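Here come two complexes built around chain A, the first alongside chain B, the second alongside chain C.
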Partner chain A sequence: MTAATVSPNTQTGTARPWLTAAIVWALLLTVPFWLPMLGGYTALAARVLVFGLAAMSFNLLLGFTGVMSFGHAAYFGLGAYGAGLTLKYIAASTPLAILAGILLGGLAGTLFGLFIVRRRGVYFAMVTVAFGQIAFYVAYSWDSLTGGYDGLRGFSRAPLHLGPLTLDIVNNDKIFYYFLLAVFAIATGLQGLLLASPFGRTLLAIRENERRARFLGIPVERHIWMSFSISCCFTALAGALYALLNNFADPMGLHYSLSGEIVIMAVMGGMRAFWGPLAGAALFVILQDTISSMTVNWMSFVGLIFVLVVLFFPRGMLGIFQKGTGK
Partner chain B sequence: MISSAHIAIRRRALLKSSLAITALAAPPIIAARGETPVRIGMVDPLTGILSALAASEVEGARYTVDLLNKRNGILGRPIELLVEDSANDVGTGVQKTRKLIERDKVDVVFGDVNSGIAYAMSQVTNELKVFQIVPGGHTDPITGTDCKWNVFRICNTTSMDAAAVTGNLVKRFGKKFFFVTPDYAYGHTLQDRFVKNLKALGGEFQAELLPINTSEYSATLIKAKAYKPDVLLNNMGGLAQINCMKQFIQFGMQKEMALGGALYELESIKSVPKDAQAGTWDMEWWWNQPNVPEVATFVGDFRKATGKTPSARHWFGYVAVQSVRLAAEKAKSLEGPKLALAMEDMDLPPDVALQPGRVYYRAGDHQLMSNIFVGDAHPPTGSPDDVFTVTSVVPGETAAGPVSETGCKMVHPA
Partner chain C sequence: MTMLDIRNVTKRFGSLVAVNDVSMRVEAGELRAIIGPNGAGKTTFFNMISGFFAPSAGDIVFGGTTVTKLAVTERVAMGMARTFQITEIFPELTVRENIRIGVESALGFRQRFWLGKRQVAGVDRGIEEALTHTGLTGQADRLVGELSHGDQRAAEIATALTLKPRLLLLDEPTAGMGEHETYAVANLIRRLHKNSAYTIVLIEHDMRVVFNLADKITVLGEGKMLAEGTPAEIAGNPVVQEAYLGKAE
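After this line comes the complex of A and B, so read on.
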């Protein structure tokens, strides 16, 4: 897996990234067999995959470009609406729905990116929040198309027809999980290739020292814009998969609170590690699912764990395995 | 002195400990018991603005589960109630419903107080063919245009609530209404029905649609003041309704217009200042019914067990669990399709109905036909819970109209 070549610590020359990738894939491939024995369920694993992909996509921007967005839920939600609206109004085709989701979220991100690419720091973050809230209120107010606050209902993912073979992703949750895993593998594979390419290296250079990158003649704004657009496309893909998972899309999928959760997942897992956001998403989703069944104050526990991770493991859960003192 | 190597080791140890704690925090493996329990999953907004109403529904269901477990359970099996918080968020409600069905393998699902969530849940339970009762989500399509073979509802539809009280409000206060309405499924259908009834009586109105969790109403109340309505209909729910009431009083508007609307529940009336304990409203069940002896027994037992006076929400939870028992006994099964058929046109016995007249689940739309208690809210007289006086009882069927008007076309699985 390309992840081995994209870890920021590849310069250490150890086999650890390959080992991490092997463990991650072994776990993901066998989830439907061991998770129920631990009291979990397949839909929970599917949720981890979806939010893991969203957090990893967001991390292309934060972890590997050094730019903070607080509005990534907008592209996640647009991806979900793109998929849902396609299934409801255009055609009962799962691939078409995914494509529409990516296009809607990705194009919105690409266009919006043009306007904000010159902003930095807190200004960049604030403008991304503002755009996210615009998207939220459009979905909330456009009741006739989006279903308003109640969300978009009345659509369902369709079976996949691969020549003579039909995959029943509608009624069989395990087949649907492996379908999600296949899409996840393609997306993370592309992300890995991207980060290992000269373009990815350039992003790392911008993250490490933007001024020096500029002096070297690198068109910094263009690279940040491209990174933002690519990140939005992958986040929209995650949103489209979320709509397929729930057969449902709602405005809270565009809300800034979800943007905050995506940031928490990436930071908790380790934003300098390729698989870190996936680990963060797994921890967040499992904690939410488990603790919220025990107490209505579950957010306090998630918040406490987040604070502890930030205090004691500033590079996140997977960051602890990395060598060096990178801040 | 502690070296950096020591710190690194300790950090690793801390990481390992954290992972171990996380593993322990994973959902526990539920041990097999002597008798497989009947599992009921309940999704309700235990956090958020509807939490007080949700807590009462859950408490009513828990009370009934304890009561039945002391007797013979359901079909001789103990009952286990699994409660999940939807956090008043549709996406979370859908996720929790899937969790209850796929992980916990519940036989029946209850929920949600939030109409939008209840509506979305019905799509999931229908897809997974699990029997669902909606104890307290009012929006019409659940038992109307989008009715489903596996979904039954206990609380009234918004059409029923609006039909029961509109004439009363017009007769007593006038034909000029100002609506403060939550901008989601419940609010939309409720306001539509009020407007339809009001227009039929020659009335006029202005309305303001607000987010479900609105806490600040000054701009809306200024608009209402300028419109000079005869009645302000506060259609908000839970904490949002309470906040609106408090600000209504702070603005001194109670001297200029009457208050009224569909629901002003016991939990909410008790949470507002005395001046806001006013207006003409519907109660979907009321604890003080001197002419129905079963009610006094139920209220006494409930108070003994919980220390509280039961509200309509408690009754919803009570009826939901009792309905599963009655339908399972009739069907001799807990399979969804058999439960659904058994529940159709099923009468509730007096000790479950707890009100006068016939109370039953209408086969055509799966809506419970129960009475609507129209009356006036007022500051406590006697006991702290004596905050509402019933002036008329409207039979459910009168308020609901015929099935053909609901738009429901019930289709059972082959």
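After this line comes the complex of A and C, so read on.
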């Protein structure tokens, strides 16, 4: 059995990991066909993919390393600015924009991570919030570069050239959706491989029992740092995709309220289940879309649903299908 | 050959002297028991050996190398493994996954993102070995958190053994166990010592276990070394009887 044949879910005790994955992919691949019939629109599904990827990336830390970051919007927002600034000032290339976004958010997370890996629990969460707010105020104040409060405008995603083939991801929202889905597939595929690898198992070990991990020779701080860095890279990728989706980046993409929303998505969907955060993001985005058209206080309804899920399904939506020691 | 040489080790916490100028030599292949009443400094002593914290004074030499100030992971890499009074395992993972993490760490795969077929086969062999060694084969695919107290302890020992340690430190291996479980764990330790020639240092409260298993016994009291010797010598030692055994019975 090679690493690839071991789904990460087998380690978290999901009854049928392949069934869950099959359902998820069947739904994602067919979204543009059935969503309009239910009164949705393709851009809504695109938002689910983007926030789903952000929440799953965040969950590498919370669900699979046992570390709580409350500032992941920082890396999401930096990813968005990295992509937007590249398209606006450097080159009209979508792949380059994505790469720049990953680099900006990923590097920021990697450097910042060096200073915080010795902190635990509340202290870790608080310094991550603090860094997020620093990033927010930089973007907010640096008017000449970022457009300040109004956000960064005046850029647009560029068509994709694959050899002789040109994909019009600019005007055709279905093609853009499938482009996002392809990136999403690569990213989550890599995350799955990561969690099924020996390195991934050391992260589970740290989550389960830091002391035992250390006494098995695992350098806990270094591995938390690596996990943080990887998580930030993927979150930045989600942010870059968000900038491409909206042709826009703004400081609210760095704000701690978004960090909180990412946490809610992951916990609501099930942080011990590989696909849990995606389910949480789907519910969140759909609720936001439907309720916000009725009332500006949509967040209080989302909050209520979050409380109900946590009270009655502490393992989240997908956690219902998991076995565990009932902790 | 001396496996562990502890030279005049002292540990102070503020004004409290938890361990006071204790020396101990453990030979390779020996099973040493450390006993003493509560508050004698046994666990503090253990924590210094395994690297939880450094002593305030004195030196710890392991396999000929001074390790006094080395970190836990560095001592682990040199072949020191430890279990705890309150079992420290990965409760929401299966027995097999618990052991797999240890085997992969011991084989130096900690930071690998991919393993080849041959490496995976090597890991699987290590897991089977640890399972048979500790009699856990039948429980391999159960979550450790669901096992009985005794089997959880066996799983912890199995995980520690994956490191192929030159020195195995067991902090109260039978703590909180019933008659039957105590017997099973004691038997496991005896097998490891007699059949596999592990060097073992253990802290233990159950005197039957201690006197049945140990080659030599070190008695601590109020942070100081009270006595050291074979089980027969310790049983006949009036100082020990007064300070410890007399009270316990």
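Convention: the second predicted complex is superposed on the first by the 311 of 327 C-alpha atoms of A that agree within 3 Å, B and C clash if a C-alpha of one lies under 4 Å from a C-alpha of the other, contacts with A are read in each partner's own complex, and residues count from 1 in each chain.
Here is the rule we use: a contact is a pair of C-beta atoms (placed from the backbone, for glycine too) under 8 Å apart; a residue touches a chain by one contact, two chains touch by 3 or more.
Here the structure is a predicted model, which means the values were calculated and not measured.
In the superposed model, A:F215 lies in contact with chain C only, and not with chain B. By the touch criterion stated above, A:L193 is placed in contact with chain C alone, chain B being left untouched. In the superposed model, more residues of chain A are touched by B than by the other of chain B and chain C.
Of the two partner chains, chain C is the only one that A:L204 touches; chain B does not reach it. In the superposed pair of complexes, A:M68 makes contact with neither chain B nor chain C.
In the superposition on chain A, contact of A:L287 is made with chain B only, not with chain C. No residue of chain A lies at the contact with chain B in one complex and also at the contact with chain C in the other.
Residues 1-3, 11-13, 193-194, 197-199, 201-202, 204-205, 208-209, 211-219, 223, 226, 323-325, 327 of chain A are the ones that touch chain C when the two sit in their complex.
Per the touch definition, chain C reaches chain A in the complex via residues 50, 72-73, 76-77, 81-82, 84, 88-93, 97, 100-102, 104-106, 109-117, 120, 124, 143, 145-146, 156, 159-160, 162-163.
Against chain A, in their complex, chain B makes its touches with residues 11-12, 14-15, 18, 22, 25-30, 46-47, 51, 82, 84-85, 87, 89-91, 94-96, 98-99, 102-103, 115-116, 119-120, 123-124, 127, 183-185, 188, 211-212. Remark: chain A residues 36-44, 47, 140, 143, 148-151, 153-154, 156, 173, 246-248, 250, 252-253, 283, 286-287, 289-293, 296, 298, 308, 312-313, 317, 320 touch chain B in the complex.
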